[in-house]
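The structure appears below as structure tokens.
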């Protein structure tokens, strides 16, 4: 891989690893702008909204600029495709998700003209709306910003 | 999460981590049946085939039993949805992938009646068929077997 | 076809045939575990739920075991793809369904290692939410259980 | 159901039933224009083409009129959604189909202004390109013509 | 193009052009049956409904005839695929649309047997539910009627 | 609409209008960077490639910078969703396209921080691979660059 900084891998690791597990990981996760959070819902709108709100609060993107909102929105949707596999729908399809998410903004490429990119990763469970009747799910979206 | 063994997380970590990075990880990746490999292609058929062949060679599934092939096939496709985000197509859409994959088979649930499940994880790049014009991609599929 | 028992064909026939029509059919529909029901709705969640409830009540699957719920859920969704053709959505797309469903559990293959499979079939109408403005729809999902 | 003639049910039965099974069925399948055939392929184009050719040869639609070709084409695609469940692709996804198809043209509604409609049904198997590693599939498409 | 009347182009122009811009366009937009309207919503059902209601009120299609409703419905959905690009969903995916639509009914082909066709075009914006955070979208659906 | 420059509308008009029709249109199409071309194919890869090549030749985007290629690629795919309605596939689905395309790069928003965006529009026909058995299709994709 020709990338100097793997923002997708960093985001996915952050979404998957517990506090303790991260300790032995510090060498892998470099100094980048990150934002993390959790969301559990049967409502796709709430999942999208939870990520957008967390990212805007953490100042990872500029709130009033559509360009940045647009880049983030498509990265979220692409990440959710990995989670939902087939259709961006949760409750309508009688299923629920419990997810941790991590968003990373940085310069993955050596060439400075490539500029900043954003990675949105999800890790958690998807399943029937009954505790335990669920399995793991992962998703990653990457976009230029 | 009520699972005793996170086969999806293990598979995703194995697909993402280098030899060196895994060293500090041994505590997280327990003793399960695994199979790993690599594939680079513009042809979806070759990607599916590479995983199926690797899994059968490693005896992770029984080759002649459709039940197991069927479980693996759907787990592969679900993993590839995260990679391709939107449509199971690579070359037809003028893009190429370079992926590492890991397949884990084990008993993720406490209740023994839940039996064995299989997780297929991909990590690598997707992009234009020109070196460097690519970004990261991740995918995970989980199925009962 | 190398199958000794065509659970998909049996489920589809049961979903399509009236009492009277079935009389002349007894030779085709063998002795398998079946569950039948009806559902009319603009809400995909209710359709999925109607099948799951009927199947659990009839003891066709074990209620507390996720493995069996997971197999049934994916078979239902695959059956509904044939009904909705394009997207798992009904009311959101301003349409309604009136469906009969049949679920069959059995051993379709000669090889005993193939074990049990489940087939979920739907037959009925899909159309505008106005009586008569509708046409027929069929769907079948098959999964290992 | 307010339809006087269930062209979808007739087409699906014809695609599913053997010669012998049809004997006891004559009362259900009325006198309508039908066309039947078989196709086995890993190539979606060949499946579509097999149905179109059979229908045109049997004069079920007028060959040079786009209006009728357009109606048939969309009915075929909708039928194939039930077969492929998720994406109109076979070989690209490393799978193969063996299908019987039946096409019925008739006037399903009481109101004569509703005119003629066409139903395309498929029944057979879908699976890995290895004999026996396959399960049943059904699909039905209905369109005005 | 072998069409004598481009109903799709006419519908798209009507959906895109302001009163003033149309003045210089009269030579392009011939004398066909048209219906125009506007709709802004986060609810796909309301968008579909707005077009159907406008078309029925303007008598462009016969209200009680399913054949015509069916043709219109599929043309609307195909037009909305261009607008939503990927999934027929708006609010569930945390986005909103503001659209102008135009529906044209006419005989596009030289051969009189081709009969009447219908074109449904949309033009407007899609984006976050915050004024200004949106970009343009276009969609066109064409069907025989 | 709060946009000062409607790059999507301009691109769609350019893709749809003949030389002669454009004459009366000059007031609407302002001074922006544009690139136009034609492509007819049963191969999605060739359609994508035709647009990319034309855009790179006309220097509308910087060839070696992935950021710009990535923005263009997604705008092309979104435009093609309007054309193909349902799946990015042409020949595999036994259909062919004949398209004119126009790509516009400019600053659509008043706020200078919104920067440059790119719009890719298609207009032409889609249909059976037989001359005349086809209808019109339109597509528009918009992305930040």
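Per-chain numbering from 1; labels A, B, C, D, E and F assigned in written order.
Methods note: a residue touches a chain if its C-beta (ideal position, glycine included) is under 8 Å from a C-beta of that chain, and two chains touch if they have at least 3 such contacts.
Everything numeric here is computed off the predicted structure, so don't read it as measured data.
Least step count on the touch graph, chain A to chain D: 2.
Chain centres computed from CA atoms place E at the largest separation from chain B. Comparing the residue numbers each copy contributes, chain A and chain B share more than half of them at their mutual interface. When every chain is reduced to the mean of its CA atoms, the largest separation from chain F belongs to C.
Centroids built from CA atoms put chain D at 19 Å from chain C. A separation of 30 Å divides the Cα centre of chain D from that of chain E. Centre to centre, using the average C-alpha position, chain B and chain D are separated by 36 Å.
Among all residues of chain E, those that touch two or more other chains are 66, 70, 86-87, 89, 92, 109, 117, 132, 135. The touch graph of the protein chains shown belongs to none of the named shapes. Interfaces, counted as pairs of touching chains, are A-B, A-C, A-E, A-F, B-C, B-D, B-F, C-D, C-E, D-E, D-F, E-F.
The touching residues of chain C, when paired with chain D in their complex, are 1-3, 6-9, 12-13, 16, 21, 24-25, 27-28, 78, 81-83, 85-86, 98, 108-109, 117, 119, 121, 123-125, 131-132, 135-142.
By the touch criterion given at the top, residues 87, 89, 91-95, 127-128, 132-135 of chain F touch chain D in their complex. By the touch rule above, chain A contacts chain E in their complex via residues 44-45, 48-49, 52, 66, 69-70, 73, 77, 87-89, 92.
Remark: chain C residues 62, 64-67, 70-71, 74, 109, 111, 113-115, 117, 143-144 touch chain B in the complex.
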